[in-house]
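The same chain A turns up in both complexes below, where it pairs with chain B and then with chain C.
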Partner chain A sequence: MKKVWFLVLFAALFVACSSDNGGGDNGSDNVDPAPVSFERGAMLENWADNIIIPSYESFTAELSALKAAFETFKTDSNEANLTALRASWLSAYKTWQHVSLFEIGPAETVGLRLNVNIYPVDAEKIDGFVQSGSYDLTLSSNRDAKGFPALDYLINGLGENDTAIVSKFSTTEKDGLISYIDVVLNDMETLITQVISQWKAGYRDTFVNNDGASSTASVDRFVNDFILYYEKYLRAGKMGIPLGVFSGEVLPRNVEAYYKADVSNELFLEGLAGVQNFFNGNHFQKASSGESLASYLEALNTLKGGEDLAELINGQLNAARTRVEALGSFRSEIENNAPPTNMLKAYDEVQRAVPLLKVDMVSAMNISIDFVDADGD
Partner chain B sequence: MTLNKENCLTRAVEAAPLAVFRIFFGLMMLLGLLRFVAYGWVDKLYIQPKFFFSYYGFEWVKPLGSFTYFIFLLCAISSIMVVLGYRYRLASILFFLSFTYIELMDKTTYLNHYYFTSLLAFLMIFLPANAYYSIDALRNSENAFQKIPVWTVNSIKLLLGIVYVYAGLSKLNSDWLIEAMPLKIWLPSKFDIPLLGNMMHLDWTPYFFSWVGALYDLTIPFFLLNKRTRPYAFAAVVIFHLLTRVLFPIGMFPYIMIVSTLIFFDASFHHKLLKRLDKWFKVGIQRFDNSRVLVDKKTRRFSFKTAILALFFLIQLCLPFRYLAYPDELFWTEEGYRFSWRVMLIEKSGYAQFKVVDTESGKWFYVDNSDFLTTFQEKQMAFQPDFILEYAHFLKQNFEKDGHKKVAVYVDSYVSLNGRLSTPYIDSKIDLTQEKESFQHKNWILPFNDEITGL
Partner chain C sequence: MKKLAFSFMAVAGLIFTSCDSDDNGGDDLPLEATCDDGIMNGDETGIDCGGSNCGPCETGVENPDSYSFERNGESTVSFTGQTTRLLMGDEILGAFSDVSATVEQIQAMFAHQEGESDFENADLNASDKSISSKTAASADYFSSNAVDQGLIRADFNGWIAAQVEEVFPNWNVAAEAGTAGQIADGESTRYISAQGLEYNQLFNKGLIGALTVDQALNNYLSPAVLDEGSNVANNDSGTTEEDKNYTTMEHKWDEAYGYVYGLNANSADPNADLGADNFLNKYIGRVEGDTDFAGIADEIFQAFKLGRAAIVAMDYEVRDAQAEIIKEKISEVIGIRAIHYLQQGKNALSQETPDFGGAFHDLSEGYGFIYSLQFTRKAGTSEPYFAKSEVDGFLTDLLDDGENGLWNVQEATLDALSNAIADRFEFTVEQAAE
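Moving on to the complex of A and B:
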């Protein structure tokens, strides 16, 4: 009898110890997916196939259009073509706001967000590069001289008005400017092509099949990224930092699209729409929708009872939108009001969604933040 | 068997169970340390962070930069010495000190099982665990005893019993038993575990686990004590702890508990185990069966030791009830929560945004917590008032060093407890730099808006 216990103990220890692999494995490989009330896999599929990949495709198309507009401007640098180029730039920049959120997998590997939209842009650095003609935009130290913010400077900030800007493209600087813009656009295109081809060449399946629950599972990782985006890039980057809420002094130069001056709030609203569409599982640019964080919360709520968190979150995001819609462009709000009270109030409204996402949603879904031993106390 | 002095304390029993316990305990500790280092946690938890949360009164215990590895090495070496029973007294003291030092470095990593380990290590200093099957006993036959007083084995059983029963008592509350919280939140996310995955979303599962868990904790020590129920009880121990291992990220704890409960078995079991071990090491186990009996002499040293251990157990019995001295809900304020065997009782998470005000210039700004804290630290900080207070004081220091004058720190914080919607946690009008850490109730914690009844 005792021998048996001895064996049981060691067998148990062996089995158990060998599964102690640091949470890297989500344990779902050879077990058929259980009939759970909510399928994380279905949500991941919806994210990948109906939201992430379509938005990348749309963004790629926008970039091509932007390049085409630049080709036209290149051959005939007049004000009308500059206006058209600018419109393409803005349109692509808006689509970018729906893509920026997905910094996971291939996008994380190439650092898409870091390479495409770091602002404030370093205008002096760009001037220097354009003059010298020698630069390497793949260096991480040059991230503030490329992407949309660099284009913002180059098509909106080179002169007082359109005549002045266009005239820059007829001086000796012309070649330098043209080739710089070419390099910037090609760099963006290369990156997004890399990202989308990797999504299609296998990452999609990796992402969807990693449907377990652990700090390395797709849902856990992506929910963390999603909240990080909302908190850091949308709330802080687009509003908080220029408002000076983290520095004590307003930093108007830190608004997104500083040189365009009148679109920063539009870009924010696109970003917010991207967040909310993703939260609700709305298919990209379609009226249909699928499994999402919202439907997941609803499924959990049927078990747990209590407040409808999905509704609360949507309500808060709507309230934030209403506040921001009532604002002028962020740059004018910050430059013309001291303190910029209305924008600070709007910021507070945006902020109010953070605890709902970061505390209530994460807690309801039991999302792991990190792999360390923790016994929930 | 009656509970009298001879039966519980002085009776001479085989030393083998304690020797086996020593070996397994040391091995488990060694494994745990290796695992910790292998995951890179020394670097991640004790070297990378810029700031560490201290226990009240132990602010002087800090990581030592890369020398922190040295503490881990010391701890590992002493655990090997414990396994071998080599210079056991020194080894057990070193192990206790180094392990406890590690745990005191940052309270972010507080786990009940680390605390349990420290207590056990402390207790082991006073036990003659090297009397049998140890290098000490081989080196000097004066130190070798086949029999030891029964209290030495019983003290370990008592500590284990306290852990289980108190863990069970702490489950007797309305959230656990009536709402099946927090298991109702945790279990559905474990849909991907083998075999049991597809029962995790069923309505009754969290209730079943909650009630069985409470019942298990409250009764298992008694079933382990009784010879007839022991085999079944041990099977329950193995199943229960392996289940917790599969369900929750609690590291080595399940194994430590499984191995520890072997102490309840009869000496014949431990003899067999040692014989098997001896086949590998070929020390010659019969050399230790010398019929010598260790008898406690009534010296002053022994009285001193008795007094320490009596105090130790008295503290163990009382400490978990200290929460009764505080107003408001324990789970909310966490005043008296730690060191009380409240394991896996709450799903709590929070959000804390700190506002730094330069009271001379009137300028203010929010703090990006990730500038100072790791994700794990930020998560733990956001729902524990003592963390929030300590961090606020750190922020004051940090920003005054940066040139801000007379800094005041306010926090806007939300906490969600066991599935309740998050509500404001700390009074946002209170300048936290004016508050001091103490054992007093922190009256700047906003009241809990619900009621949890029970122990």
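Moving on to the complex of A and C:
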């Protein structure tokens, strides 16, 4: 009898405590993970030296080219120079899509992503600033009046056509517009310069040397950032939110590069390519590659339903790309179709990669997801 | 076999250790439901009945499907005064972001006088209700405690004044340690004091306690109010208030209900749209969303419904038993959210790149919920879970790790506060943190 009581008591304790162990129930089988011949450090090195830093360098060069194109437009504000300026803007914007996912360390410190690319842009606020000439673009509350979306408005949205836009730069507003664009471009340059110099001045080593396996190790942290990027900024920001997946009503005004109107797909596809290149460890703008999440999964010999998980993920990302490539511009898909069925189908295809990354991949790597949807207040 | 036994022991050790760290190792045992010990414990919903282990409580009062009650074919449910105050609260919160508003204007909204044009909503202007008159104003806690009532109202007026005098002038200044201004929190921008406090959050979350919890738990659900004067005799005889379709006792209970569900689209079925206001309703919804506490929203609603049916059935024991359930569960909501925000704030600060904006937002919400703890009510007692002096001590601790308040707060402080709060409730810091 006594023994039975003890067992009951023990069982009661077990029940009482089990809910505390929600996050750590892998504690006991975690102690001695199966030996795998995969060096996390080598992967971090590949990420830093062959992907992240070269992407930042390329983006910096693109920004310089954009500034040069604006200098040319400034001295001679004609339609040809506007076209050239716009091409530089698009080229830099596309390269940005390969940089945006690296929101860790120096980029996180300066809040790079949300300083460079919050959309929709607040055009009314920009108009007010241009008129008054009084603004501080370093303020958090002005992030929706700068970066690429502000430039989108200023070079694509000021008039019905190029003639109308160029004419804005020959009126009394000219000086205000020119100096506003200058401030926007300089702000972007300042931020990226800070980020890249910190990577080179020490953060690269900090990042690469933190090669353990814990919630504060570089791989665990960056995999979280990577999945957050895919889920929130690529999937939701570029497609789901304008589609009204979360709000219940379509929001065409929320597509990326709203004023340019026909490049939001291209920008999305660049972002998707950035994600897939990173997943496969492809060296930035090169044919070579190195250790990656894909090679890590292969080293772990991770299967899902008998199939190679890395291949499944690549297959899913390819399927998503095919769907999105077949679409018209996001803005026209949303504005001209009710409901925008084809784009919703493409969104579903993009979404299907989320559980593969967020559940299957991370559990194979023993990484826990530490982000949750924000409170919203 | 030996190995197995050993690992069994090791696991057992782990379990004991994890319980000890929660500081309630031994105390867990009496919490197990015992269906014949004469006290309400475990998940029993009455003394030695209800819950998952004991038989159902015999009430003789049937719990209706929805919160709708009628007399002579017409509804007897009314809580317009509560709805009005919740709407006033929303407008006041809006004024915290209107840099053109003055201290006098916002304080006049708080202490609205009938006919004054304090609000956008004309119905609110016409109302004779105000929030400040019901702030720290319950019969049980404040009828003979004018001193604390005065201090608490001064806190709310102080947060209004500080927002206008400290934060508005620095609206377009980047905040830093010791300087009020704005700071990024993800895509949002927060406006904080030199100490890192968001006064609108203090006001909002503080009012959840000082207005909604205090009025519901310590006033309208109190026998001192429900049974005042000839309320019992009138309810027994079905004597309604003059020109009204309800007895006074029915109405008092509904007024408690209104502070919890006053803005839900269908007041008969309020859990269909939990989160309809920015006050208690929203945070019952948030706690319901945490799997550790799923079901709490229904427990609160069921108790309100059964208690109201008990008044109709003139069964005041059942009524009071439901009031106790409501007191316990709503007090838990306050404790859970206080800890939740302290821990969220800690997480935001402990990252490699500390997220100060996110942390200050969380900790400001946490500040307001800690403030609200003094209005909670321990079931079966006339006491809050934490006395005002204890709450004041917590809030001092939160801000005194350095000269710049939240800019200097240490993780150890946030953990110590979380543990101190959890110690008096039946849940753990870990459960509340998620």
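Going forward, the second predicted complex is superposed on the first by the 327 of 377 C-alpha atoms of A that agree within 3 Å, B and C clash if a C-alpha of one lies under 4 Å from a C-alpha of the other, contacts with A are read in each partner's own complex, and residues count from 1 in each chain.
Everything that follows uses one rule, which is that a contact is a pair of C-beta atoms (placed from the backbone, for glycine too) under 8 Å apart; a residue touches a chain by one contact, two chains touch by 3 or more.
As the structure is a computational prediction, the values presented were derived from the model and not from experiment.
A.B. asks: Between chain B (first) and chain C (second), which does A:Q194 come into contact with in this model arrangement: first, second, both, or neither?
C.D. replies: neither
A.B. asks: Could you tell me if A:K358 is touching chain B, chain C, both of them or neither one (first, second, both, neither)?
C.D. replies: Touch partner of A:K358: chain B, not chain C.
A.B. asks: Looking at A:A236, would you say it contacts chain B, chain C, both, or neither? Reply first, second, both or neither.
C.D. replies: first
A.B. asks: In the superposed arrangement, which partner chain does A:F246 touch: chain B (first), chain C (second), both, or neither?
C.D. replies: Only chain B; A:F246 stays clear of chain C.
A.B. asks: Between chain B (first) and chain C (second), which does A:S91 come into contact with in this model arrangement: first, second, both, or neither?
C.D. replies: Neither partner.
A.B. asks: In the overlay, answer first, second, both or neither for which of chain B and chain C A:D211 touches.
C.D. replies: A:D211 sits against chain B, while chain C stays out of touch.
A.B. asks: Between chain B and chain C, which one contacts more residues of chain A in the superposed model?
C.D. replies: Higher number of touched chain A residues: B.
A.B. asks: After superposition on the shared chain, which partner residues are touched by A:L300: those of chain B (first), chain C (second), both, or neither?
C.D. replies: Touch status of A:L300: first partner only.
A.B. asks: Using the touch definition from the top, say if A:N342 reaches chain B (first), chain C (second), both or neither.
C.D. replies: neither
A.B. asks: Would you tell me the residues on chain A in contact with chain B in one complex that are also in contact with chain C in the other?
C.D. replies: Residues 9, 12-13, 16-17, 19-20, 22-23, 27-28, 374-375, 377, which sit in both footprints.
A.B. asks: Name, in rising order, each residue of chain B that touches chain A in their complex.
C.D. replies: Going by the criterion above, the answer is residues 35, 39, 41, 44-45, 109-113, 182, 184-186, 188-195, 197-198, 200-201, 203, 231, 234-235, 238, 242, 245-246, 248-251, 253-255, 258, 262, 265, 268-269, 272-273, 276, 337-338, 342-351, 353, 358, 363-368, 375-376, 379, 382, 414-416, 419-422.
A.B. asks: Give the list of chain C residues in touch with chain A in this complex.
C.D. replies: Per the stated touch rule, the residues are 11-12, 14-16, 18-19, 22, 28-29, 32, 172, 174, 182-184, 186-187, 189, 278, 286, 292, 352-353, 357, 428, 430-431, 434.
A.B. asks: What does chain A use to touch chain C in their complex?
C.D. replies: 9-10, 12-14, 16-17, 19-23, 27-28, 104-105, 108-109, 111, 114, 118, 136, 138-141, 143, 216, 221, 374-375, 377
A.B. asks: Contact residues on chain A for chain B in the complex?
C.D. replies: Listed in rising order, the residues of chain A that touch chain B are 1-3, 5-6, 8-9, 12-13, 16-17, 19-20, 22-23, 26-28, 31, 34-38, 40, 211-213, 236, 240, 244-249, 300, 303-304, 306-307, 309, 312, 351, 354-356, 358-360, 362-366, 368-377.
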